[in-house]
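Chain naming follows the written order as A, B, C and D, and within any one chain the residues start at number 1.
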Amino acid sequence: MERREIRGAARTGSGGRDVDVMPKWAEVILVPLISLLLAAILSALVILAIGEDPVAAVKMMVEGALGSTYAWGYTLYYATNFMFTGLAVAVAFHARMFNIGGEGQAMIGGLGVALACLYVPWPHWSLGLLGAILAGGLFGAGWALIPAWLQAKRGSHVVITTIMFNFIAASALNYILVNLLKPKGSQDPASARFPEAVHLPTLHELLAPLGINFSKAAPANVSLLVAVAACVLVWALIWRTRLGYEIRAYGQSEPGARYAGISGVRIILISMVISGALAGCMAINNVMGEAERLVLNATEGAGFIGIAVALMGRSHPFGVFLAAILFGFLYQGGAELALWTKIPREMITVIQALVILFTGALDNMVRAPLERIFLAARRGRG
Amino acid sequence: EPALIFDLGGKFDKSFNEAAFNGAEKWAKETGGTYREIEMQSEAQREQALRRFAESGANPIVTMGFAMADPLSAVAPDYPDTKFVVIDVNWLDLPNVRQVSFAEHEGSYLVGMLAAMASKTGTVGFIGGMDVPLIRHFGCGYAQGAKAVNPDVKIVANMTGTTPAAWNDPVKGSELTKAQISQGADVIYAAAGGTGVGVLQTAADEGILSIGVDSNQNHLHPGKVLTSMLKRVDVAVYEAMTAGENVETGVFTMGLKEDGVGYAMDENNAALVTDEMKTKVEEAKAKIIDGSLKVESYYTNDSCPALSF
Amino acid sequence: MTGATLSERRETAAPAIELKGISKAFGPVQANRDISIRVMPGTIHGIIGENGAGKSTLMSILYGFYKADRGEIFIKGRKTEIPDSQAAISAGIGMVFQHFKLVENFTVLENIILGAEDGALLNRSMAKARTELVQLEREYGLNVDPDAVIEEIGVGKQQRVEILKALYRRAEILILDEPTGVLTPAEADQLFRVLGRLRAEGKTIILITHKLREIMEITDTVSVMRRGEMTATVKTAETSPEQLAELMVGRKVLLRVDKAPAKPGAPVLEVENLRVVDEAGVERVKGISLNVRAGEILGIAGVAGNGQSELLEVLGGMRSGRGVLRMRGQVMDPGADGKARRAMGIAHVPEDRQREGLIMGFHAWENVAFGYHDDARYRSGMFMNNRALREDTAAKMERFDVRPPDPWLAAKNFSGGNQQKIVVAREIEQNPALLLVGQPTRGVDIGAIEFIHKQIVALRDAGAAVLLVSVELDEILSLSDRIAVMFDGRIMGERLPGQTDETELGLLMAGMSEAAA
Amino acid sequence: MDFLTILQILDSSVRLATPLLLACLAGLYSERAGIFDIGLEGKMLAAAFLSAAVAAVTGSVWLGLLAGIAASMVLSGLHGLASITFRGNQLISGVAINFLASGLTVLVAQDWFAQGGRTPSLGGDARFTGLTLPFADALAGVPVIGPVYAELISGHSILVYLAVAAVPATWWVLYRTRFGLRLRAVGENPAAVDTAGISVVGLRFAAVAICGLLCGIAGAYLSTALQAGFVKEMTAGRGFIALAALIFAKWRPWQAMWACLLFGVLQAIALRYQNIRLGEITIPVQVMDALPYVLTVVILAGFVGKAIAPRAGGEPYVKER
């Protein structure tokens, strides 16, 4: 039954497929796998073209991203960021809102987390984490609320306003860090370090009691669990709750929603607020969990990668989860590649582009011939 | 084997990181040695890179930029036998770290003097990449130098932007340059990374003078770049690598005295800087070195006596 | 051309169209299976069949919109490849699709010349088309304002544009897919007059319809399709509606609504002086007063676009109006709030099932709660009670004979008739005090029509009030216990079905005052 | 504010608005044909790079321009392949193209020139220079009109005049030619176009190609006219601003020009007036930096109202599966 749900979600994302031609395993596993393979082949060609060894590169990427607990620790750290921003975009997508503002919302969420960590004397990290989730979520939601309100009430296109709000967030944060939050005399445009009490346990600390020796150095931390919980919660919200039902209904048909007595204004506001809150919550990972202080450009484009993650995950939380891990892998594997070979770091961007292209935009190129094969096979049999 | 960790700008940023690269290359060429290097991809990797190099036995590990301070304080204690060198940091308390900071305000002071002397309009410009303390620090020294020459000098100061794109937006750099020109500026000092390329270009196109930063950028537009404020990161890196595992730790400030900063003179700008100008600047330089002239640092109390941000 | 030579030609000449062994599959669905058919020149050839029988598919193949998997097409005896619509147009074929293919925000003229322009610049082709259009309009009595924007004219006019489009391209063979589904009787009559004329000119017409009356009235030959196959082709003169219905559905169909006289009770809905202004600021409903009593069906007749839709929408809570609304004596807010209306016991089958009544991407079981998703039955706390929903859906599908009875299928994968059954099932099974129904059988085949009509009558018999809006006079006359006619936002008059006829209603619908009627 | 300052600000606005305008018109063709394009940024970037690279290598800016257009059109073709031929998701394809351009430009530049992802500086014929329009010098003395003509209108690169000319040209193509009629129709209802016997795929590819052409010019303008070389990520988000302008303009050519000029003016003002002092208080530079964006939102909320996209936009045209 659950599998069917996922297929339903894939429909929402890809514009709807109807009667099944292929078995589910082919749809869910075979198509993405072949697409990934194509992306890999093209990436290898690019690597060859710049005079490097693609086989060694792949080995390095896989090893660097999955080869050790240390590698996993980084992969999962990045994946955590992408889960939050990917979910943020996905939730808004269900209400047919294209929230390009995840970057700004995550930035402002970071401000909320920093304030909560710096100015509240938390007795224990767990309380601090709750407080930070609340603060990050609230700040992110607030930053999304204005474009949402303008869309709902004034019809201002949310795509433009969220783009604008990304720039405005960057300016605001720049001002606040340099003039207000920066400790006096510090040369770094960053907030003070957060107190030890709000240090979030890393996977190393979390898994040690279980007898698992996870790398101490990797930044993956308890936020990962929060992100996974967020995936589950968003799944429940979208596919199980009445609110989720209304969000999806509104997203698919505005006149339909009007007929059913679902208020468009309410859905726009709520979905964008949830979206902004999710983006804002990313800050518990990068700001609270990793840097333990607020730095300029802490988001590093994760808000934009969230768009790709949501699109590739077909706006389904489970899809987002998988896509986030895939991007975490590419990010970390690619970083290792750039760190230890002469391959420039832009190679990661190229690989990401090819993966997005083949698994996301060109997937029909793979699907159509496969469908024909399956159809022919079925005709042959029956 | 020494290692070198570049900051996010990447090793070919035509300024800060590239200077480090040049220093390392010089060392490699002279000694025939090899070194390992990486370019940062993201904030979270700083610690990763440090640990990986430390684990692999690299020594010393040279790192670039103030953003390394924080990860360094987490990593350095774990590897007491490894020597770390960090550029642009001077506030850590770690026994195995060599902290090198530059008195950019002193160098900027000198080029500020040159700017004010070369200016015919009495207005000089400053274009920074982003409004962060380091850039204010540059601007502050520059303004003091200009005012020292001409107390009535008008200083137009601008910042490019607030997103990372601010460091790579030569188009905006151009427009700022034109805006400053229209406000009378005829010498403009750019401390803005890739954006500075646009500043120097437009200044050359419009027939005014510009001042480069970090590396010697005089050659970019011969006869059009008044001078460059040198920040001898290359020297710092070169020295650290040459000293090798025995590099001295502690806090080192490289100012005019240490030849860590300065202004560039070569055949490209020989015609622009008259002997008279040079004499005056050398005079000031001597005074700064002997301590009779003090250039205020923006860092001292987050403010600048000559320029408000 | 005399009648004699014409009929002679019919017998001897090659068929205008001959299809041989056409097959077409959409993925696993076999829409057309080995279909052969001949259409004689100068005739009107009817095609009937249940929803999803494959009629539209077959015609779309002939028009080059779809490509057949197998089979051959002969035009005037010559084998013709039709890989795209361009080829069909050059072969002299024109088609009016079931769902019009018009660019909504273009003018009539722009739509007509699209694809048939003269030269690369518009000015010249527009001027030329304008003159030609005026001539065509005059010739066939198909007048439309060439500069009107499509979305601002009624569906009847839009259809004229589609026909003009085909004529402008000098079509010799005209295919019409369910052309009367959205027309008023007067418009339909006029359409048939035009078709008659075209036939007289020697043009060939293929007419797809669900209305047997039309088949009997105008066609020369009729073909019946079932489940992708052509099951019969007969001369119209040699058949009867009953026989055709049976051929179509595979069983005997009751072609008349069988209902007992109404036993009206107390007023359920009272409307006083309702006014509705639309988004563009135009007053669509201009002070309507009416009431519907328990146990009666009030039918509202009228040409589409005379305010009936807006009336229904206000009553259903989809838009705001001004005036007094009372439900069982209780005053209702005339503002827009679908939820509040449902809470008052009002159920609503909207006019457009695909836009409003259903979420096309939702599973059938999700649609079964649409609008009622806050009901205690379907919820558990803040969650939806999906299990209850699915059980309820399965039961409803069985009771309403929805095919296929698969709650997991997305709404868009049901045919129109079955989609409509899902909506009707949902609304009727609320046991509402008042049921609002708009165009309950638009585009639905006769089997389903029969069923839906039965359900509406049964609800009335159970004591509910029903407000029926339909442009089908047949439907109004056979279902209603009382008939109100709307014109230009006002009610022109009320009649009892037994004491009026189509002519009188038609006059009222055209705005003739009661005195004149 | 004196007259000359106003002129200078407007002059700066024109320069800042030109790449936006070209990209915006590019997007207009594509989106009017029903193909949404958030890959404007990537196409501009690729064109900026290749035009600078080829201009640097050949010494001819015209060859550079051609190369830039070619680069942009290749990416357009990719977008067309994904979203028209294979009916993929247009947003995903656009995102992928942005990533691809961002990575490949630096990668290739590094491999080619080894200057840290830059191209060498361009000089001489490898660069577009300002055109002095006829009589500019002669008229300069005439009050008001003279300076306006000499300072504001004259002296821009030929690409600026091209961009301005593209506005009425686009209007004319869109509303006065057969191609325009079909283009608008295919963005509203591709089925209508298809049943009228016109190829939907062909039309959409044509639109996407024009989009590539204009984005190519926009990119070349950045690196060979405004600048003298390519620097990584030098488009700095202008593709997104152009997209915003397109929505702002409700997909209409003249309005697109006004929207882009508005963005240009707002930015020029913000650049010119950083650190305004109001008595004791200095308005922080960040406030001025954010001002264009804040004002855009205010204008959007206050005056523009709802923008309705071409109805078939973003959805692939699927007849059957």
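Just so it is clear, a contact is a pair of C-beta atoms (placed from the backbone, for glycine too) under 8 Å apart; a residue touches a chain by one contact, two chains touch by 3 or more.
In this text, all values refer to a predicted model and were calculated from it rather than measured experimentally.
By the document's definition of touch, common neighbours of chain A and chain B comprise D. The chain with its Cα centroid farthest from the Cα centroid of chain D is C.
As a whole-number value, the distance joining the C-alpha centres of chain A and chain D reads 29 Å. One finds 46 Å separating the Cα centroids of chain C and chain D.
With centres set at the average Cα position, the gap from chain B to chain C is 76 Å. The centroid of the Cα atoms in chain A and the matching centroid in chain C are 46 Å apart. Along chain D, residues 110, 117, 237, 284, 286, 289-290, 321 each make contact with two or more other chains. Touching two or more other chains at once are residues 10, 131, 161-163 of chain B.
Annotation for chain C: residues 26-27 touch two or more other chains. Two chains count as a pair here when they touch; such pairs are A-B, A-C, A-D, B-D, C-D. Per the touch definition, chain B reaches chain A in the complex via residues 10, 38-39, 41-45, 47-49, 51-52, 66-67, 69-70, 88-89, 91, 130-134, 137, 161-164, 299-302.
Those residues of chain B that touch chain D in the complex are listed here as 10-14, 18, 131, 157-159, 161-163, 165, 168-172, 174-176, 178-179, 182-183, 194, 197-198, 201, 220, 308-309. Against chain B, in their complex, chain A makes its touches with residues 74, 77-78, 167, 170-171, 173-175, 178, 182, 184-190, 193, 217-219, 286, 290-291, 293, 295-298, 300, 331, 334-335, 338-340, 345, 348.
Chain D meets chain A in the complex at residues 78, 81-83, 86-93, 95-100, 102-107, 110-111, 117, 237, 240-241, 243-244, 247-248, 284, 286-287, 289-290, 293-294, 296-297, 300-302, 304-307, 315-316, 318, 321.
The part of chain D that touches chain C in the complex is made up of residues 175-182, 184-185, 188-189, 191-199, 311, 319-321.
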